[in-house]
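The same subunit A turns up in both complexes below, where it pairs with subunit B and then with subunit C.
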Partner chain A sequence: MANVLINAPGTARKGETIELKALIQHPMETGFRPGADGRLLPRNIITQFTATWNDIEIFRMKMSPAVAANPYVSFFAVASESGTVRLRWTGDRDFSAEGSVTVTVT
Partner chain B sequence: MQQLPPRRIPTRRTFVAGSLLVTVLPLASAQAAPDTMMAAVKEVTGEAAVRPGRVTLDIPPLVENGNAVPVTVSVESPMTEADHVTAVHVFNEKNPQPHVFNAWLGPRNGKAIVATRIKLADTQKVIAIAETSRGEFWSASADVIVTIAACTEDVN
Partner chain C sequence: MSRGTPARRRTLFGLTVAAALAPSIARAQGAARVVVVGGGFGGATCARALKKLQPALGVTLVEAGKAYTACPFSNEVIAGLRDLKQQEFGYGAIARDGVAIAPMAATAVDPAAKTVTLGDGAKLSYDRLVIAPGIDLDWKALPGYDEKAAEKMPHAWKAGAQTLLLRRQLEAMEDGGVVAISTPAAPYRCPPAPYERASQIAWYLRTKKPRSKVLLLDSKDSFPQQRLFQAAWARLYPEMIEWVPLSQGGNVTSVDPATRTFNTDFDKHTADVANVIPPQKAAAIAHSAGVADRTGWCPVEPIAFESILQPGVHVLGDAALMGAMPKAAFSANAQAKVCAAAIVDLLAGHKPAEPRLISACYTLAAPDWGFSIVGVYRPEEGQLLEVPGAGGTSPVDGDSALRAQEAHYAEACFQTLTGEIFG
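So, the complex of A and B:
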């Protein structure tokens, strides 16, 4: 499992718009770079990133090789009710990683 | 002896027309992005008109290292059920592929702001397109000068 860092406020007022930041360790190898033997390194990237709030999808992103290594994503969400924000990354070579944070809405 | 073709001395009229051409042409070519990027843009917009405005593409104008360039796309939108941004697409001109990322949003996002870090292989133009729930497309573009390109260093 890849290293995942998620930054979100632990508490929020109801209806407040909060920022969610996510960072994951991944090489994002483009498939266009030659390796030490001169042959192209095969592509190995994260292709999909999704965020759910209490299992309802709130944000989705499709990544291309042009996203930098160790992808960082920041987006916003309305704190509607207390719950779990689950982030999921999937990609080449059956890559799959997950992380979650709980946000308490007052 | 070879005869030189008769030299045309520009009249005032042709001179004025010529100078106009010279001033207009560079502007036109600076706006024309390479075909692959325009083809990729067409894939998401279809035949709909893409209007400049409402989108802010925040990217440094000069970057030293193209391997990780911070990009923030923000779109002016109330983000209500009736009127919200449904997607943000970012494209580039000179990387091996024109796609950078596509993000899908909805009213639950509150703000139509997406930030990430991207690779740029060369000095080039980056374009962001926002798609709204009303079927409109808004865009913003920025020119970025890259001094050390991504993908050029050897892998050890």
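So, the complex of A and C:
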């Protein structure tokens, strides 16, 4: 399982814009790089990152081989109701990782 | 009046050129003036080397400090293994070699008029200027960290009072405390030094306060001589040093000096002793001279280290962008000797030879545990690149006898370097 770091404020006022940050450990191997034996290392990247708030998608990002290893993503959302923000990464070789954080909206 | 014949014009032209060149030729053979700003490893080496290579040159070293306080080995001062006095070097021997010392700060440079303004308002004219001012800490780069914060969370990245402050804080800390160190993104002065510092502090803690920890908050995912350091830590200080790399949330985004807290993107770490190694840039005089670019550092060509931005001005050492060459004392010393020879050539109207440079860096993970890295560099594609296969590092599986020997070499290297420059 990949190592995931998530940061979101635990509480927010209704209507407040909050920042969500996420970092995942992943090599993001481009597929263009030769290995020690001179052959190209097969591509192994995260292709998509999504965030849902109470199961409603609020953010989606496609990733390409140009994205660096251990991608760090920061984005903003409007806090409309208390609930769970679920982050999901998927990619090559059936890669899948998930993490979640709860935000209490007052 | 009348038009001269082509032959007449040629003669006149020839005479004009000869007349214009004559003074500079005369100066090149004797009385040319070189001003060197900054009396550290780069500047002091360069001033002395210029005078040795060409005794008739007028060489002035502009340096406000009465003595230079060297950074290499200053981590040992923090660990209580060494006295700060052992890091201090005066300029007496350099002056006796015929270098004029201007004991004040350079406040401005006018590259068009070729003058340097000194702290007392006097102006020095030069034919060639060498700027080797070292680094300034960038007080605006890390939110919460400014000069006042450095009294609570020392940087100790310029040897001197800050080195002693960090040492006193360690001495005052209770056993069981946490010493946190944060690192900047590259480039910064002496790439392996944060990791050497973590090692030296761990040595002190193991000896005096064995229940304590070192927390290394790193803005990078890898670091120089990493395998050698990590092997040393596992053997000498098991469980004592916790390294948090970038990909595990180690990047510090702000600090709070009131509580000695480091904020990362994902966490907060409060320390008993907090050492912030902040982002850096070329020292202020490089910016006022117009030789620094938007990176905060000074781009130079790789043969005489003449500024890309200001002809006639050479930049050396930590302030310059030297391609693959690290910002280190040994590097500055090597660059300074190359630069001095190139300046003598340029003043004589010769093309400087293409240089080869060596940088060696010794690290002490404990008083009897040293290792080293050596690189060889040459100009290529407009910058200094490492010659593949020419350098090397200590073997990762070396035994304790080898490490003790390398610790001895480290001390010898420092004595040789400072002896050559200041002795």
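We take it that the second predicted complex is superposed on the first by the 106 of 106 C-alpha atoms of A that agree within 3 Å, B and C clash if a C-alpha of one lies under 4 Å from a C-alpha of the other, contacts with A are read in each partner's own complex, and residues count from 1 in each chain.
One rule holds for everything that comes next: a residue touches a chain if its C-beta (ideal position, glycine included) is under 8 Å from a C-beta of that chain, and two chains touch if they have at least 3 such contacts.
Source: prediction; values computed, not measured.
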Subject >> Simultaneous placement of subunit C and subunit B on subunit A, clash or fit >> reply: fit
Original post:
Where does A:41 make contact in the superposed view: on subunit B (first), on subunit C (second), on both, or on neither?
Top reply: first
**OP:** Check the contacts made with subunit A and report whether subunit B or subunit C touches more of its residues.
**Re:** B
Original post:
For A:5, is the partner it touches subunit B (first), subunit C (second), both, or none of the two (neither)?
Top reply: second
Original post:
So, does A:105 touch the first partner subunit B, the second partner subunit C, both, or neither?
Top reply: neither
Subject >> Which superposed partner A:53 touches (first subunit B, second subunit C, both, neither) >> reply: first
Original post:
In the superposed arrangement, which partner chain does A:72 touch: subunit B (first), subunit C (second), both, or neither?
Top reply: both
**OP:** Using the touch definition from the top, say if A:25 reaches subunit B (first), subunit C (second), both or neither.
**Re:** second
Original post:
First (subunit B), second (subunit C), both or neither: which does A:64 touch?
Top reply: first
**OP:** Using the superposition on chain A described above, determine whether A:17 touches subunit B (first), subunit C (second), both, or neither.
**Re:** first
Subject >> Vertex subunit A, arms to subunit B and subunit C (CA centres, degrees, nearest 10) >> reply: 60
Original post:
Is A:80 in contact with subunit B, with subunit C, with both, or with neither (first, second, both, neither)?
Top reply: first
Subject >> Minimal inter-chain CA distance - subunit C and subunit B, angstrom >> reply: 6
Original post:
Taking the contacts subunit A makes with subunit B in one complex and with subunit C in the other, which residues are shared?
Top reply: 69, 72, 74
Subject >> subunit B residues touching subunit A - in the complex, by the definition given at the top >> reply: 67-69, 72, 92, 95-97, 99-120, 150-151, 154-156
Original post:
Quick one: in the complex, what on subunit C touches subunit A?
Top reply: 221, 246-249, 265-267
Subject >> subunit A - residues contacting subunit B, complex >> reply: 17, 28, 30, 32-36, 41, 53, 56, 58-69, 71-78, 80
**OP:** Enumerate the contact residues on subunit A facing subunit C in the complex.
**Re:** 3, 5-7, 21, 23, 25, 69-70, 72, 74
